[in-house]
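Next, two complexes with chain A in common: one pairs it with chain B, the other with chain C.
Right after this comes the complex of A and B.
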C-alpha cells in the first residue's frame, strides 16, 4: 500500500490529510458548546474595558503575564480562586499566556488599585524596587482607540450574540452613547489618578491608553 | 530511463530564498539576543521608545525566526531538493518558474509588511499567530503559491516514486495550511460594524477555553510542521548526499513518517495541563506526547545508523558533524518535551524558563544547525564554487554548540528554581517567597542566556560570511561534487 501511495501523490496527500485532521476533530469538537458557556453573572466587557484589552494586546503584556490560576494551593494562596472555564466566555482571544516572567493577572483587580497601576506603568521600580519590567510611559500620551473597541463590541453582539443591551446588563447603544458612557467611566478612574496631563486629556474628551488599560485590569477579578 | 546527467537544474528561486534565510536569520537572532539581554539588564528596554520594549519585540523575534528564517530555509531547500529528487528542472516549465519567482517576491514583501505591523502593535495576541487578518490573507496566498510549486513539480516529475523528503514537504504544506487557517479564523470588526474603527482589527471566532484549545492545537503543531517535519525532510536528503551513504532503513522511515503524522496532532493539549480544558483532553495530550518519542527517535536513529561504518567522516567533514549533532539535539529535545508533558512535571515547569529552554535546544541545536548544513551543502552546487573556509566552519560549530549548551543548561536551572520557589511553603504552610524574590534569583541565569545569545549570533555571522565568500570569491569548481562538499 505504501509503495502505491508513494507513486500517487494525490492519494498520498489525501492520506496525510486524513491522518493529521481527525485528532483535532476528536479533541476540540465534543466539548465546544459546553466550553462556550459563561459562568452565572458574567458581564461582557464595557467599551472602555475592551479598549484597555486592546492596549494589553498591543503592548503584548501576554509575553510575560498569564491569566490562568491553576488549581494548586500555592497558586490559590498567591493569586486567589483558581480559574473557571466559564469566566473566559467573552474573551476573544483568550489571554492565558504561557510564561510568567511577571505574576499572574487573572484576579489582579482584587488586590491592586488604580493608583498602584498608574505608578507601576510609569515606573515599575517605584512600587517594586527590584522589578525588571519596563516602564510604559507612552501609554500616558497615546490615545486609546475607543471607536475600534466599540466596533468590536458591536461585532461580538451581532455575530456571537454576546449579551449587550440586556436588562441590568452592559449597555452598548449607539456610538455617541457608548462614547459618552466610556468618558464617564474614564473620569471615575482619573479621579484616583495624579497625572495632570491624563486628567486634562480625559476632561477634553480624549482617553489615554493608560486609563483604558487600568479599566481593564480593575475588571479582572 | 532518463539520464540525470543531462539535466541542468535551475536554482534561481532556491538562491533567492537562501539570501532571505541568512537575512532573516540574522535579524531574528539579533532581536532574540537583545530581548534576552533585556531580561538581565532592563535598561536595554528603552533603546527604541515604545517600539523597543521586551513585550513589543518578543513577537517580532519569534515571528522573524519562524516565518522569516525557518520558512525561508524550508523554501530554499525545497526549490533545490525538489528538482533533484523528482528529476525535473524548474527551467523546463515557464509557468513553474514564474510561480516560483512570484512566490519569492510576494513572500519578501509580505514579510516586511508583517514585521512592520507587529512593531506598530497590530497583534491578535495569539502566540505565533499574532498577525492581523490582512497579513493572514497575504500569507495564505504565499502558501498557496508554494503549494502550486510543490504539486506542479510533482506533476511534471520523471522519477515516479516520491522520495522520503517529498513526503515530508507535502506534509509541511498540508499541515501548516490546515492549522493556520483554522486558528486564524477571525471576524474583521470594521465590516460588521459598518465601517467603524481600525480596518486591521478583528475578533477571534472562538472564545476562552475553545480559543485556547484551537490556539495550542495550532501552536504545538506549527512546531511540528514548521520545526520538525520540513527539517526531517532536509536531513533525509542532505545526510545521505553529503556522506554518500544510503538511508539505513526504508521501513523505519515509513514507521516514523506515518507515526509522526498520526501522533503529533494529539499532543497539543499538553500546553494546557492544569487549565480549564477538560481533564480527558489534558490526559490525551500527556499520553500522546510520550508516545511521540517513538516516531521522533525513529527518524533520528535512522539518521545516525545511516552513518554506520562511516563514523570517520565525523572528524573529516564538518557538515556531517553539523547534521549528526542536529539529530542528537532532535533526540534530546523530543525526549525533554514528553518529560515536560507529564502532568506532575508540568506543574513545576509550566510558565517557567524551562519552556523557552526546551524550545531553544530544539531550534538552535536542531533546526538552525540542519538548515545551515543544508545551505552549506547546496552552495557549492548552486554557485559552482567550493566552500570558502573549513576552519571557519569548524570554529563556528564549536562556538554555536557551546552557546546552545549554555542556553539550555541556564534555562533548566532557572526554570526549575523558579518553579520550586513558587510552590515553596514554610512549616506553617505559608508561601515562602514573594513573586519578585523568584525573579531576582534568576539574574545570573538571564545573564548567561544573554551571553549564549551573543555567542550564537557571532556563530551565525561566521556562517553568513562563509556563505557570502563562497558565493562570490571562492575557488571555482569545474564539475559538480558528487557527495562530500569541497571546502578550502
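Right after this comes the complex of A and C.
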C-alpha cells in the first residue's frame, strides 16, 4: 500500500513530518490551552488600570523590571508566590520582561502602597537611598490616555471574548460610563496621595498618568 | 617478548614521560588530590591505549578465520554462526525490564516537576530553619531581624527606621502627637487584640491634646487625668496589659506581630499585611530588632 512512498523520498519526508507534527500537537496543545486559562478569580483590567499599563509600556518600565516570579526560594522569599501562566490570561501582551536592573513587580501591589509609589515616582532616592532609578515627574503632569485604554478594552472584549460586563465582574459599558468609573477609581487613589496638582487635576476630571500607573501597580497582586 | 611488545612498552614509556614532563613544566600543585588523580588517570590512559593497540595488532597478524559458516550467503559474502555475546543479551534484557518499570511506575510517579522540586526545597529549608533557630538567642534574633528589616521594611520606614521624614512610622519614638490624636479621633479596630475595638472619640478637645502630648512625650512627667480612659485598656503604664491591648509605651512582640499580620491604616498612610512573607521565627526576630531602634 505504501510502496510508492518508499520510492519517493520527498513524499516520505512529508509523511514523516505530518505524523510527528500531529503527535506533537495532540501532546502540546491541550496542556497549553489548560495552562493559559485564567486562574480562578482573575478579573480583566479596568479602563484606568489599562491606561496605567500603557504608561508602564510607554515609559519602558519593562526595560528594567520583570513581571515573572520563578519557583525558586530566593525569589519567592523576596517577591511572593511564584507566577502561574493563568495569571497573565488578560495581559495582551504580557509584560514578563527579561531584565532585572530593578526588582520584579509581579506582586508589587501586595507590599507597596499608593503613597509609597507617589514618593518613589517623584524621587526614588527619597525612599530608597541607593536607588539608581530615574524620577518620573512628567507622570504627575501628563494626562493618561483613557480613550486608547477604553478602545483596547472594547477590542479584547469583542475579539478575544474577555469577560467584561459580566455579573460581579468588571463593568465596561459605554465610553461615558467607563470614563465616569475610571474617574471614581482615580478619586479613591488620590485620596491617599499628597500632590495637590494631581488631586486638582482629578477633581477637574483629568487623570494624570501617575494615578493610572498606581492603579495598575496596586492591581499587580 | 616479541618486538611488538617492546615497541609498545617504549611508546607507553614515552607517553608517561611526556605526561610527567608537562606536569613538571606547568608547576602543578601535587598536594591537591584532584591533581594526583588526574595524573594517575593520564598514565592509566597511556597504558590502556598501548595495551589495547598491542592486542588488536597481534590479532590482525596471527588470527585465522575459523568457525562454522551460515548456510546463506549474499553474492558470495558469507557469515559465521556466532553465539550471541552474553553481555549483549543481559543488556537487552535489562533494558526491557527497565523500560517496563519506567512506563508503568517510574515516569508517572517520579516525573520531574519544577514546582515539586521547589516545594521540596522550601520544605527542607523551612524544617532546617525551624530546627536551627528554635531556641535562638537575642543576638542572633537581632541580627536576623536587622536583615529582614532592611529587605522588607526599609523601603518605606528607611534603613535606620526613622520613617523617612514622616513618610512612614518612625521607630525611633513610639508615636508622634499627630498619630495619637488620629487614633483617638478615629478609634482603631484593625490589629486584632483580645481587648477588641477601640471606639472613636474616647477623649476630645483639651483632654485629647493632653493625652497626645503625654503619650508622644514618652509617658514621662505627670499623667493627665484624662489618661484614665486609656488606662482601662492600655494599662496605667501604657504597656497594654500583657498583650490584651496595644502597647503605647514601647514596641513589643505582640504589637509587631499584630501589625505585620493585619497591616495598618493610620495617620501616615496604609501599610499592607506582610504575614505571608515571614515565618513566626522571622517575625519574632523582627520584633527583637525593632525594639532596639527606640532610643
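A few notes on this one:
Throughout what follows, the second predicted complex is superposed on the first by the 187 of 221 C-alpha atoms of A that agree within 3 Å, B and C clash if a C-alpha of one lies under 4 Å from a C-alpha of the other, contacts with A are read in each partner's own complex, and residues count from 1 in each chain.
Everything that follows uses one rule, which is that contacts are C-beta pairs under 8 Å (C-beta built on N, C-alpha and C of every residue); 3 or more make two chains touch, one makes a residue touch a chain.
Every value quoted in this text rests on a predicted model; they were computed, and no experiment measured them.
Contacts of A:20 after superposition: chain B is touched, whereas chain C is not reached. After superposition on the shared chain, chain A has more residues touched by B, the comparison being chain B against chain C.
In the superposition on chain A, A:80 makes contact with chain C only, not with chain B.
In the superposed model, A:122 lies in contact with neither chain B nor chain C. In the superposed model, A:95 makes contact with chain B only, not with chain C. In the superposition on chain A, A:32 makes contact with chain B only, while chain C stays out of contact range.
Look at A:152: by the touch rule set out above, it reaches chain B but stays clear of chain C. Of the two partner chains placed around the shared chain by superposition, chain C is the only one that A:111 touches, whereas chain B remains out of contact.
When the shared chain is aligned, chain B comes close enough to touch A:7, but chain C does not. Looking at the shared chain after the overlay, A:71 reaches both chain B and chain C. Put simply, chain A uses residues 71-73, 77-78, 128 to touch chain B in one complex and chain C in the other. Residues of chain C touching chain A in their complex: 114-115, 117-118, 121-122, 125, 151-152, 154-156, 158-159, 164, 167, 269-272, 274, 276-277.
Within the complex formed with chain B, the residues of chain A that make contact are 2-3, 6-7, 9, 12-13, 16-17, 19-21, 23-24, 27-28, 31-32, 35-36, 54, 56-64, 66, 68, 70-75, 77-78, 83-103, 128, 130-136, 138, 142, 145, 147-152, 154-156, 158-160, 175. The residues of chain A lying in touch with chain C in their complex are 71-73, 76-78, 80, 82, 110-116, 119, 126-129, 192. Per the touch definition, chain B reaches chain A in the complex via residues 38-39, 42, 45-46, 49-50, 53-56, 58-59, 121-127, 151, 154, 160-162, 167, 170-171, 174-175, 178, 182, 187, 189-190, 192-193, 196-198, 201, 203-215, 217, 254, 258, 261-262, 264-266, 268-269, 271, 274-278, 281, 284, 347, 350-353, 355-356, 422-425, 429-431, 435-436, 439-440.
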